[in-house]
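Two complexes come next, and they have one chain in common, subunit A, joined by subunit B in the first and subunit C in the second.
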Partner chain A sequence: MDSALIPKGVKRCPTWQFLAWLSVFGAVLLWGVYAMLLCWFKGLNQTNMNDYYGFALWIWADLAVIALGGGAFFSGLLKYIFGKDELKNIINFAVLLGFICYSSALLILAIDIGQPLRGWFIFWHANVHSMLTEVAFCLSCYFAVLTIEYIPLILENRQLDKVPFFHNLSHNMHETMAIFAATGAFLSFFHQGSLGGVAGVLFGRPFAFREHILIWPYTFFLFTWSAAAFGPCFTLSMTWITEKVTGKKLVKDNVIDLLAKISGWMITSYIIVKIVETLYWATVTAPSKGFDVSHFYTNNGLYGWWILFAELIVGGVVPGLILIIPSLRRNSAARVTAILLGCFGVCLNRWVMVLQVMAVPVMTFDNWALYYPSWQEVATTILPVAYGIILTMISYRYLPIFPQEAELNPLEGAEEVEAEQEATAAEGAAEPATA
Partner chain B sequence: MFPINFEWIWDVGHMVFHGGLWYALGIIGAGMTYCIGKAVWDTMQGKGGHHH
Partner chain C sequence: MTSAQTHTENGAQTDGKPVAHGADNGHLHKYGMVIDLDKCTGCGACMVACMSENNVPFRDDETDKLTSITWMRVYKLTNGKPYPDNDVCYLPRPCQHCEGHAGHSPCVSVCPATATDYSTETGIVSQIYTRCFGCRYCMAACPYHARYFNWWDPVWPDGMEKYLSPNVSPRMRGVVEKCNFCFQRYQLAKDKVYVDGESTVSEEAYQTACTQACPAGAITFGDLNNPEHLVHQLAQPDDHHHGHPRNPNAFRLLERLGTNTKVYYVSSREWVRRAGDNYLPDEQTGGGGH
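Up next, the complex of A and B:
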């Protein structure tokens, strides 16, 4: 039915099967939309946020998807600025994931602010002393950049590409993509950093507070570094999942190996600095504020020493080492374990820097404040996941997301398949004239 | 916010934050204007009409 829209030289599942899966994830999406409408129409009383938790599950999800979406800006930086041309075979997918992650982040923020109709206030009545203002500015601009990077991919659809204007526009956008990629890297550096900076400047919360370089706390640099380090892990993880779902090899091993190696060195260098910084915080910064570090990891049912170990060792040192050792990196099982652990590590880091910060008692009369999200918060957090899966399914089916797919999966009787697709396209084009 | 608005103050904060915002938006806008304009021109010149 839709074969005229499917890229040349590749095979896709039957339309009924595609629609069936689409409806499954569509149902989850609708559940999330229902919860979102509840939050908008009834208010934030639908959540379990309270005076302790002004930042809650949504902000963690926001920070996590922004970190995971960092694969887009870092891959773009590597390809367009540092000339790693092999990455052209995975950059489309990185851009798609970035687009999904950042649109999800903006969607979550639109729910979180409670009154989305006043979302423009942050641009017009900007508080120029707030790192979150910088985040809002850079996030919005970078989403525009990601949209610009995604548009040529849409225009390369087999039928759209036949329209001369779209073909020329797509070509011109590709030609100038380095400028957009550089702008995207600039914007990402600042908004990833400022998200970390938000935690680091909280002098009233010694669990989060960090020493500064000029006006920037160390967390500013660590957040940017970790997004660049772990973002590619997410790109590689999603590529692996897509390969498993489709049952096809979609990207050549040399491309995967290169991105995994770069990610590995970034993770390793990041985690060394992170460990040194954590030791300094534990032995100097926190005691200078009157706290022993054990205060942050004891006397509660959830946040024990295990979380520090899981973040630094399981989600940092282990994936970093696996990805920098060539023999381990080239072992598929080890590499997949490492990239999944990497995604886990950066998500856990964001959890700690958002939710554990809120949980730790600060005053002598305070107790640990643990929080459980309401079902509306959970549903609206799952909503972007369903949306992401749906957009990935549609993009994979109709757009040339993986340029090496046709070469890696040659069709038997490819010429006949193409002729059939062309015939279907011609029939489709002729229909309006005959109707 | 623009400097013509009554809330605007000529201090470092406003200049850095809004200067950065308009700088980024300027690059994005100029880049897209160039791409669309050149695509219109190329199309008028008959480019991009032959595909195999």
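Up next, the complex of A and C:
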């Protein structure tokens, strides 16, 4: 039915199967939309947030998807600025994931604020001292860049590409993409960093507060670095999952290997700095405020020393080492383990920098505050996941997301299939005229 | 406090006439509070007075203190010792009106929409409800939990809306609110100063509701910059050390964080003073101050 829209030289599942899965994820999406509407119309009392947990699950999800979406800007930087041309075979997918992550982040922010209709105040009454202001500006601008990067991909759809204007527009946008890649990297440096700064500047919260270089706390640089390091892990993880779901090899091993290697060195260098920074915070910064570091990891039912170990070692050192050792990196099972651990590590880091910050008591007569999200929070957090899956399904089906797919999966009797697709397309085009 | 009121605080004009404000005679006010914890009985009159004065909304069930709004909240502290050495202290906690470094309060510096402001004329941290869009970053920044979010729209029991203060705007769902040292009283006092042709707001002309309601006289309010005001004499703030109290029995909550607050506490009990801040086991009480 939709074969006219499917890229040439590749095979897709039957339409009924596609629609069936679309319905499943669509149902999840609608569940999330229902919860979102409840939050908008009834207010944030629909959540389990409270005056101790002003920042909660959504802000973690926001920071996590932005970190994971960092694969887009970093891959673009590597390909267009540093000339790693092999990455052209995965950059489309990285851009798609970035687009999904950043649009999700903006949606989450729109749900998270108490007065959504006043969201524009952040631009109109901007406080230049606030890290959140910088986040809002750079995030919005970078989302515009991602949209510009995604548009040529849409225009490469088989039918749209037949329109000369779209064909030429797409071609010309590709020609200028290096400018947008550089702009995206610049903007990402600042919004990833300012997201780290959101926690690092909280001098009233000694668990979050970090020393500064000029006006930027160390977390500013660590967040940017970690997004560049772990973002590619997410790109690779999603590529692996897409390959498993479709049952096809979509990207050649040399491309995977290159991105995994770069990610590995970025993770390793990041985690060394992160460990040094954590030691400095634990032995100098926190004690200078009267806190022994054990204060942050004891006397509560959840946040023990394990979380530090899980973040730094399990989610940092281990994936870093696996990805920089060639023999391990080229072992598929080890590599997949590493990239999944990498995604886990960066998400846990964001969790710690949001949720644990809120949980730690600061006044001596205060107590640990633990929190669990309401179903509305869970549903609205799953909403972007369902949206992401749906957009990936549609993009994969109708757009040339993976340029190497046709080469890696040659069709038997490809010419016949193509002719069949052309015939179906012609038939489809004729239908409206006869209706 | 409405946005219009904040503009007045910042020296704008009302009805075309210049308004007398804190900067008169070249002096800047720094309103603050001293709370004598040895006098506080924990009766909660300050909390009630605060809610009444400031139209603070409440719900049928106020048992969940993580979602109820109490601009002034009284904490119960104990020394953790068994009877007969057990000792209790009640600690009223309004907004601490942090000055931070050069007005960079923890909350003011992070608000992305400039919906909260530090006045260098009064030292009061204001909240502009009509500009707040409810991101709650200020709440995350405040270590005192002095900021509250309106999780629900305010609903008053039948007839009670007639008892609301006309000088204080009720807040809507989805915005943050907090103690503002009864700023509306300061505005009224300034108006009176202007009408009476005086030069500055006197100590007795501007007092907060909690100060006046405290039956034990535990709360003292006034201008920390004015040596004639009782708060100055009680706290003896050292301006060369970010307001660190020279009174050996006085302390500020979490002073070591650099919040530079304007609410001072006084107690003759060492364990109470030590409870005001965090110390490593080998550190002396007050040793980490600025």
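Assume the second predicted complex is superposed on the first by the 430 of 435 C-alpha atoms of A that agree within 3 Å, B and C clash if a C-alpha of one lies under 4 Å from a C-alpha of the other, contacts with A are read in each partner's own complex, and residues count from 1 in each chain.
Simple rule for what comes next: a residue touches a chain if its C-beta (ideal position, glycine included) is under 8 Å from a C-beta of that chain, and two chains touch if they have at least 3 such contacts.
The structure presented is a predicted model; accordingly, all values stated were derived computationally and were not measured.
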Message: A:Lys162 in the overlay: touching subunit B, subunit C, both, or neither? Say first, second, both or neither.
response: first
- request: Report for A:Glu407: first if it touches subunit B alone, second if subunit C alone, otherwise both or neither.
  value: neither
Message: With both complexes superposed on chain A, which partner does A:Asn172 reach: first (subunit B), second (subunit C), both or neither?
response: first
Query: In the superposed arrangement, does A:Ala126 touch subunit B (first), subunit C (second), both or neither?
result: both
Field: Dominant toucher of subunit A (residue count), subunit B or subunit C
entry: C
Task: Examine A:Asp85 and indicate which partner it touches, taking first as subunit B and second as subunit C; both and neither are also allowed.
output: neither
Query: Which subunit A residues come up in both lists, the one for subunit B and the one for subunit C?
result: 124-126, 129, 133
Statement: In the complex, subunit C touches subunit A at residues 64, 66-67, 75, 77, 91, 98, 100, 104, 106, 109-115, 131-137, 139-145, 147-153, 172-176, 253-254, 256-259, 274-281, 283, 288
Query: Which subunit B residues qualify as touching subunit A in the complex?
result: 1, 5, 7, 11, 13-14, 16-18, 20-21, 24-25, 27-28, 31-32, 34-36, 38-40, 42-43, 46-49, 51
- prompt: subunit B touches which residues of subunit A in the complex?
  reply: 123-126, 128-129, 133-134, 137-138, 141, 144-145, 148, 161-162, 164-165, 167-169, 171-173, 176, 179-180, 183, 186-187, 190
- prompt: Residues of subunit A touching subunit C in their complex?
  reply: 43-45, 49-55, 112-116, 118-119, 121-122, 124-127, 129-133, 136, 198, 201-206, 287-292, 295, 357-358, 362-366, 369
